[in-house]
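Next come two complexes, and both contain subunit A; in the first it sits with subunit B, in the second with subunit C.
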Partner chain A sequence: MSITIRIPAPLRSLTGNSQTVEGSGASVRDCIDDLEGRFAGLKARICDDSSELRRFINIYVNGEDIRFLSGLQTPVKDGDELSIVPAVAGG
Partner chain B sequence: MSYAKALHCRECGREYPLQPSHVCEFCFGPLEVTYDYDAQRKAVSRRSIESGPLSLWRYRDLLPCDADRAVDLNAGFTPLLRARNLGEALGLSQLYIKNDCTNPTWSFKDRVVAVASTKALEFGFDTLACASTGNLANSVAAHASRAGIKAYVFVPSNLESGKLVGSAVYGATLVAVDGAYDDVNRLCSELADKYPWAFVNINVRPYYAEGSKTLAYEVAEQLGWRAPDHCIVPMASGSLLTKIGKGLDEMAKLWLLDSVQTKISGAQALGCSPIVTAWQAGTLNIRPVKPNTIAKSLAIGNPADGYYALKVIGDSGGSAVASDDDEIVDGIKLLAESEGIFAETAGGVVIAGLKRLVESGRVDRDELVVAFITGAGLKTQEAVVDKINKALHIAPTVASFEEAIAQRGGAIAGNQGTR
Partner chain C sequence: MSTEVRIPAPFRRLTGNRARVRAHGSTVRQLLGDLESQFPGFHGMLFDEQGRIPPHIKIYANGQEITALAGLDTELREGDQVTIIPATAGGAPDIELTAEQRERYSRHIVLPRWGEEGQRKLMAAKVLVVGAGGLGSPVLLYLAGAGVGTLGIVEFDTAEISNLPRQILHHMHDLGRSKAQSAKQTLADNNPDVDVVLHETCLSTENALDIVRGYDVVVPAVDNLATRYLVNDACVLLKKPMVESSVLTYEGQCTVFLPGQGCYRCLYPAPPPPGLMPTPASAGVLSITPAVMGPIQAMETIKLILGIGEVLSGRLLLFDALAMEFRQVRIRRDPNCAVCGDHPTVTSLIDYDDFCGVAAKR
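Presenting the complex of A and B:
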């Protein structure tokens, strides 16, 4: 078991065109660091210089925006689904 | 022809060709259409616009699509009405209502969808889609029919029945999603990555959003080629407000207006007011909320353009204001009773917000104010059905009529004099 991470189209050039990848870690931040270890350059695309999420990226754990949870500290466990979604849509 | 030049990332400035994409591949900032303003300035004049059709296509040279192949339901060029009665009630000497209830599907969304659907055909799509709080779904469904293509429209399942019927009637695939609009929107972002659809407010969003500029163009033209002093605009994602700002700025840039010093204020419902909350806190960081308001058309808890809306409000000297559900209903009734315009809940938000802004001195009583009424009230009857006078139910006799009037406690009105 592991965490399923949905990759948005603009980042798929870094994941060998995979729409989902498996990740591991105890928190969202861990998962991002884990992704960076395997797909170099990915973290810089979704986080700014101070390792915080960029303004125009949203992350969801099992469909819930992590800003309603504990942000990047939000805990994750095996079987969870984590979605990385560009924020500018809709309206 | 269109004078659109490129897509430009509002954050990092990277440029992209005119293609169906909405975010910068590097920083995820929003992409916006830029134009060849020098060429536009040579081609566009007050006169060239005035000789155009009585629809938004009179501004064809300022839009990012080829109007010769427009998907055209005759959207736009809606009435701008001087509102003396409402102005008097609110204490404003020069109040105007921009009444976008009169669009083909009875909301301003016909403006954005006219542009988005035209652009979608240019890009070769045969299917439109959208995430919607209702009005957009109605418009996408209608324009797809007009264009002879398919549509999938996604809405929260708790919408008013008028908005559900107003989509399904066109034959679109109406998908009611268990969840709030923000859940619908996240789902649609994922679907947009998977299916070759023109999602009007996702992959075609840069073009779509430009349609809202026509509201600003029209207001300025209808005022006799002058900018208003103050605009009051409803905010959901915040996109409309930013495009009214952009539209006015462009008119100055193209020498269609002598000067633009318009304050732009935004109104939200208290039960979904993340932009107003950030404004009041003096921050550009918007915290999303879980909406709880009768103003379902504005119930976006995670507003995509909230950040830019805050900047437009701040730079223009405007303000942001939120009103509760009772005030919203009162706003709907006040507009209907004073001016004969039946607006949906978003219109109630605007009137209630304007009232608050006047009372708190943030709108000056002598300013030329334009209130943007963006959708029609028959779509959201649930909001007012229990708050208005019931019909007098009588037998077909004069006596029964007079008895019923007396029971309600009033004299029978009416007098014919010479005028």
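Presenting the complex of A and C:
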């Protein structure tokens, strides 16, 4: 199971500056847990204390916002692309 | 109550080719009724089958779109002027280009789907840019260069040396000077035809609606979330299209929010807690990033005014300068959105510093 996960710039310090990592899991939540196992501290930046997606971060599976799919339970499969996109403030 | 009405080209076959007529009515609704009685067929060209004026037809009373006033019940007084502008082919305002303007804009006028008609639409347009910084500088330069008739700038800061790599409206001799004034000077040096209106104030809950109201399109070019949410809510409440972008380090985001089709809160319903959001000062921002995203905002604004191409509505454009890659993801209106959803809970502007958990700005 190989899912391409795109890491936004603010989180790359936790992934050894990698902008793309390979992940695994049957759902978005599984993928996040898998990432946490390899890059400690990443989950806390994406999810709040209740393990829900923080409201200033969006996750897209193959370009679709998971908030309009099944949220963190959105299933993923081999070959899917998962993008983590936080709000940024600069201008 | 006699009012001058400016008739768009497609309607003139009903008025004997007259571009200006007089009509009577205490409200816009009555005025349109009088136009129908004077020129039968007028209603049929103006209203759709449901008896509504479609969104591509704009009616202005004394330069203000009536949707920002009282709609068809907008009151009229003796001496007022009403303009009807369909935003489709043939809807260009009656502006005569000078020989110099034809030369200045010649590289645009020859473009397909632009022409003198498109140029006249730009020259009649009013765009508000909130911020004359990293994003605002290229946005304003390219909109001025393209000949947008009125550019409003909201900016209260003074130029600092750390601005110069990316805030290309400002120069060494502007350090310590009002960025609004320096922006106006730079834009005038490029195109003196543009009417640059300065709003040298901090945009706030108290003034945002009054400032935004007079413009056709709003381009937030701000460096903080509180102002983003403020501009967003004002645009939703006033039904103004908004061309949003943000940048940090080597990345940028851009989208277009059209009235009724989603807003910034649909995308990011709530800001991060204070301290969890990196800023350009803390994380850095490459100057090239807003240099790429700002002109994209300008391009989307021009497309909205001209009614050409496909704007980024429903799409979030993501730019990664290090990968030199553009990607898109699909975004959509959230029916549960607090301000533009089916049952909005935010129906007036709020305290955005409090919403974002930051200390109040000066």
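What we mean here is this: the second predicted complex is superposed on the first by the 85 of 91 C-alpha atoms of A that agree within 3 Å, B and C clash if a C-alpha of one lies under 4 Å from a C-alpha of the other, contacts with A are read in each partner's own complex, and residues count from 1 in each chain.
Basically, a contact is a pair of C-beta atoms (placed from the backbone, for glycine too) under 8 Å apart; a residue touches a chain by one contact, two chains touch by 3 or more.
If you're wondering where the values come from, they're calculated on a predicted model, not measured in any experiment.
In the superposition on chain A, A:F39 makes contact with neither subunit B nor subunit C. By the document's definition of touching, both partners, subunit B and subunit C, reach A:S83.
Contacts of A:P8 after superposition on the shared chain: both subunit B and subunit C are touched.
Looking at the shared chain after the overlay, A:G91 reaches both subunit B and subunit C.
In the superposition on chain A, A:F56 makes contact with both subunit B and subunit C. Taken together, the two structures place residues 8-10, 19, 54-56, 58, 60, 63, 65, 67-68, 83, 85-91 of subunit A in contact with subunit B in one case and with subunit C in the other. Across the interface of their complex, subunit B is touched by residues 6, 8-10, 19, 45-46, 54-58, 60, 63, 65, 67-68, 83, 85-91 of subunit A. Within the complex formed with subunit C, the subunit A residues making contact are 8-10, 19, 54-56, 58, 60, 63-65, 67-68, 83, 85-91.
Interface of subunit B with subunit A (complex): residues 11, 22-30, 131, 181-183, 185-186, 188-190, 192-194, 201-202, 205, 236-239, 287-288, 290, 300, 302-305, 307.
Remark: subunit C residues 131, 133-136, 220-225, 228, 245-251, 253, 267-272, 277-280, 283, 285, 290, 316, 318, 320, 322-323, 327-332, 334 touch subunit A in the complex.
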